[in-house]
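These are the structures in question, set out in turn.
Two complexes, one shared chain (chain A), two partners (chain B, chain C).
Presenting the complex of A and B:
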């Protein structure tokens, strides 16, 4: 009994040393083991620094400069921001973008969800239907836009001809201030809903069948099953797609650029379209950078919410 | 295990090195030539491979130039000045030494110091004194220095479909000379039915503002004028109101402008190429585009001078020089531009070579010179003409009597505002011209306040 105690004493006094040496060795060993990881991490961080973070920082700085790229840039303080807020189109662009985002949420958020729920009920031709829904995503955006411009053509266009068949008056889809934004949202929804639908379908597939069986046994109708089983089960994924949708739709550009050029009467000028004009039509990169900083901050807010929501669930 | 780890580490190191190496290479500068006194210059404006004939001729010209100028090497690139990449190319040191620009660009480029001053080198350039002063003015800065050379020119007129004119009972050799005649002709053409549009115009992506400017010029008005050293908007005028009244009446009263609006140049060219459009405002340079893209014939189209008999908008293109280029490169670049583009001595040779290969010769374009030099070029074009020059007679004769006006300062910003005016009158039946013009004038005054 004593021996172990006796032997333990010197050992215990020596323990910190031995343990310390072992720790160091282990740490060194761990570092060596992880060297590969550090190398990859370093390369990755370097890539981000060069291609992602440095342009962001440079963009922030450009917002306070007047630049020509031929001569050194001059610092102008808040001048670009002052000019930005003075531009009457600045507010119009944000209002229009907000309106687009709102409409896109009504259509773009509901349509894929409903489609996914309906598609999930089909027992036959599932693969075919999924492909059909996904097909528009595979079209290059410019092709989609040109195709829809023909749909919207008030003369020989598809939509007005359908309306004519139904004895309804034709519409000025893109030419009317009231309809133009809605028309752009419809194109955007059609073009992008395939991806979201597939995400919902995957999520629907992961809902345990027993929940539905139990609900059915309790005599729940389809509507009740949807309300009490499907939606609660999909709540997290719905929240994520909602935020992604907000971040995505706030950057709408190609639809107004190709289809309306911001018209009629600035009804479809969006933040990104205005930013594009500042940068590439007026060649005013300082002003464009100030605008992009404002957009960055607003999107950053939503991205922050997204990160917070996904943190625990990863 | 050790081997695998070692190998993994090696790969990781390799990836990191490759990235570092790649980045280092990105920062590299192209070397300045000149060991044996040979200057290499990069130039753009080379036709793309999709235009094999033009490309072949360009390459032949490069060879011929290098032969006659043994101390200069040409490194030719495709493309022209693209606003989307211009600043990035300049910032990254990738901009060509000699770059192609439209007449709308030089003022801004000069103001921002993005073009080299070539004044000391042009004085000795052959035919420099023969270049029309109004085109050199486009490349002259507020400091009186020269920053570029023109190489192409157009004035807007009325491009029309001769076949549709005939079908509508109009004389294709006597196109409309006033806007009222345009209105009447448009009515007859639209009456052909089957989606035929009498007259179409642009209203999108700044092209509406560009054409509104031309409309106002043709009505005897102005977009911006300089008074006491300050620029002010000038289109809130009788000319501006007449423009909007005419457009409104053609669009809404006569219904001769089609129901689809928010058009831009390619939409309208498509309508013309499909044989569904009677007339639109354009320069003669539009005809080869329509003929090539839609496989039409030159005989089908005519060009009339800008209706109204007052003035027309003129534009064009030219070359400017990289502000970071050395004097040797600028000198070599000027040699190239003069030899290739401003050279009456080579006109006959080039026309002869091109005339049999579908390259249009004889369109009323590119009259860049005055006096004898222009006469020589005209004679060569007439000799090798392969397009129906008679179809352009109304344009050539009428255009000579019109005042040629250039675009207003800060044109692109102003056009954004004027796009809205065009859109309003073409998409809203109850658009109020007075209100539209006065509101737009206020905005344009703000834009012009920054012009020095």
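Presenting the complex of A and C:
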């Protein structure tokens, strides 16, 4: 990722050419240039050091400490991890999160792809369709959640009224153990598919038309062209969005926090919701940090794959 | 874009045949209607719901158009519930985060791109590495850092700095700014330098005026990011008087009358929708840049 740039700027052109200062002078100049450069970089470095790099180290250490606001932190070894694995909710949270991620992939991966392929064929209403699919992305997530909570309401809620119109039985969307997680995935897909759709559309637009023409001359049907031209051409971007989506959905928080609070009967307690409870409800920062480390290791696996894939591209 | 890229999956010939044309019209209509129902109708439902009376909202059979109009729920939400104050809070958080991010990240990107300090590539690599890190894994240690900033031992809880400062550590901003600065022809900067301009002047008078598109992208994402954020302000701004509108809406959802809550939700969304309508092009450009990074 951190590919150094190839364009070189002359670094010491301000140096007077006639003066015979020699090495010492050049070195002094180089030091001054570095000082200027670091003066510009300083504030950014400080922000990263305080709010990004040191918390990474601190997070790892906190997992082995007992932390309270009153006393200094004490070292407790693997105690937090032992308590973590003893908590029956830990396993539940991982199962629920895995289920959410799986469902979100089924919907969130298929829907934007199909949408983008279809939208790319249209010669009319393009701007309108692009805009509407992205509208939910621009809503503050809390508004989306409150809005859908109202839609899911079994009484005056929109969904059960639509079902009633179709003479179908109403559902206990968020109150039923079976449906609650699916309901959260639906909101999440609705809210986020605009981003992925637009990314796919950009990628589809850059597929060379000759590939389709050549396939057509070979007598390939539309379905075969989709399979042998479109999908291979999008393979890289499909892999990337797949991985980013796994990483993103495994950190699901606001959906269960606002819509179900983890219920019914812990059916929607996710990893991040449990982490939030450990830290900010029970004030057990050590336990929460142990949880963070586990989450970090699991997501690090996917991040590693992402890095391998993107290396050398771009 | 070359003309050949206009050619897509379906051939022009197939599109022009009679069945093709009928099918195209059918799918297009279906999609337009479907998208309108799926993505625009919920917004209409929210905005019109805010205009209904509480009794009408509670009725088990909802109405498509309000029976009686109550636009006053918007002003009630604004004044009685104090949404006006929460809006000001959000505005302050967004404006500050935008300004500080822009100053810090532009300076850093300029330094890495043009002044090229020793070990600059290591610094950039370490910054980009944080993009790979799940935000949630850093939630607890960053929170503890904000409650007691190292060395100066300040507690930033309930101050806007708790939002502003962590927002500066934004590797994505620095990365796209640096990439843009890299593309500016060296001769331009060289001639400015020969005219006696120092690095600050070169940045202000040469680099920034050329970088308007990328500055727009960074600015939009900074403002939108703060406006949409929920979890972080929920943690670091526990004092209700200082909360942004997103956190306040969730806290008040249980107590507010339904129509006023909906009015508040509409108002919390309008600024972002306006930004989107005005800057669609930039947002989509930033989106694509973000997805293809690396």
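By our rule, the second predicted complex is superposed on the first by the 267 of 314 C-alpha atoms of A that agree within 3 Å, B and C clash if a C-alpha of one lies under 4 Å from a C-alpha of the other, contacts with A are read in each partner's own complex, and residues count from 1 in each chain.
Just so it is clear, contacts are C-beta pairs under 8 Å (C-beta built on N, C-alpha and C of every residue); 3 or more make two chains touch, one makes a residue touch a chain.
Since the model is a prediction, treat every value here as computed from it, not as a measurement.
Student: When the two structures are overlaid on chain A, which partner does A:206 contact: first (chain B), second (chain C), both, or neither?
Tutor: In the superposed model, A:206 contacts chain C only, not chain B.
Student: With the two complexes superposed on chain A, say which partner A:232 touches: chain B (first), chain C (second), both, or neither.
Tutor: Neither: A:232 stays clear of chain B and chain C.
Student: Determine, under the contact definition given at the top, whether A:36 touches first (chain B), second (chain C), both, or neither.
Tutor: both
Student: Can A:292 be said to touch chain B (first), chain C (second), both, or neither?
Tutor: The answer is second: A:292 touches chain C but not chain B.
Student: Look at A:68 in the shared chain and tell me whether it touches chain B only, chain C only, both, or neither; answer first, second, both or neither.
Tutor: It touches chain B, and chain C stays clear.
Student: Counting only touches as set out at the top, which of chain B and chain C does A:48 meet: first, second, both, neither?
Tutor: second
Student: According to the stated criteria, A:190 is in contact with first (chain B), second (chain C), both, or neither; which is it?
Tutor: Once the two structures are laid over each other on A, A:190 reaches chain C alone.
Student: Should A:280 be classified as contacting the first partner (chain B), the second (chain C), both, or neither?
Tutor: both
Student: Of the two partners chain B and chain C, which one touches more residues belonging to chain A?
Tutor: Comparing chain B with chain C, the partner touching more chain A residues is C.
Student: If we overlay the two complexes on their shared chain A, which of chain B and chain C does A:141 touch? Say first, second, both or neither.
Tutor: After superposing on A, A:141 lies in contact with chain C but is clear of chain B.
Student: Which chain A residues come up in both lists, the one for chain B and the one for chain C?
Tutor: 33, 36, 40, 43, 47, 50, 67, 69, 155-156, 257, 280, 285
Student: In the complex formed with chain B, which residues of chain A make contact?
Tutor: 33, 35-36, 39-40, 42-43, 46-47, 50, 67-71, 88, 153-157, 172, 174-177, 257, 259-266, 277, 280-283, 285
Student: What residues of chain B sit close enough to touch chain A in their complex?
Tutor: Touching chain A: residues 5, 8-9, 12-13, 15-16, 19-20, 23, 83-84, 86-87, 90-91, 108, 112-114, 195, 203-206, 258-262, 264, 323-324, 412-413, 416, 419-420, 423-424, 426-428, 443 of chain B.
Student: Mind pulling up the chain C residues that touch chain A in the complex?
Tutor: Touching chain A from chain C are residues 1, 4-11, 14, 24, 27-28, 31-32, 35-36, 38-40, 42-43, 45-46, 49, 57-62, 103-105, 107-108, 110-118, 120-121, 123-128, 130-147, 149-150, 165-166, 168-169, 171, 174, 182-183, 186, 189-190, 193, 199, 224, 227-228, 230-231, 235, 245-247, 249-250, 253, 258, 261-262, 265, 268-269, 272-273, 275-277, 280, 283-284, 287-288, 291-294.
Student: Over in the complex, which chain A residues touch chain C? Could you list them?
Tutor: So the residues of chain A touching chain C come out as 1-2, 4-5, 7, 9-11, 13-14, 33-34, 36-38, 40-41, 43-45, 47-48, 50-56, 58-59, 62, 67, 69, 117-122, 124-125, 128-136, 138-143, 146-147, 150-151, 155-156, 158, 161, 190, 195, 198-199, 202, 204-210, 212-213, 216, 222, 225-226, 229-230, 237, 240-241, 247, 250-251, 253-254, 257-258, 272, 275-276, 279-280, 285, 288-289, 292-293, 295-296, 299, 303, 306-307, 310, 313-314.
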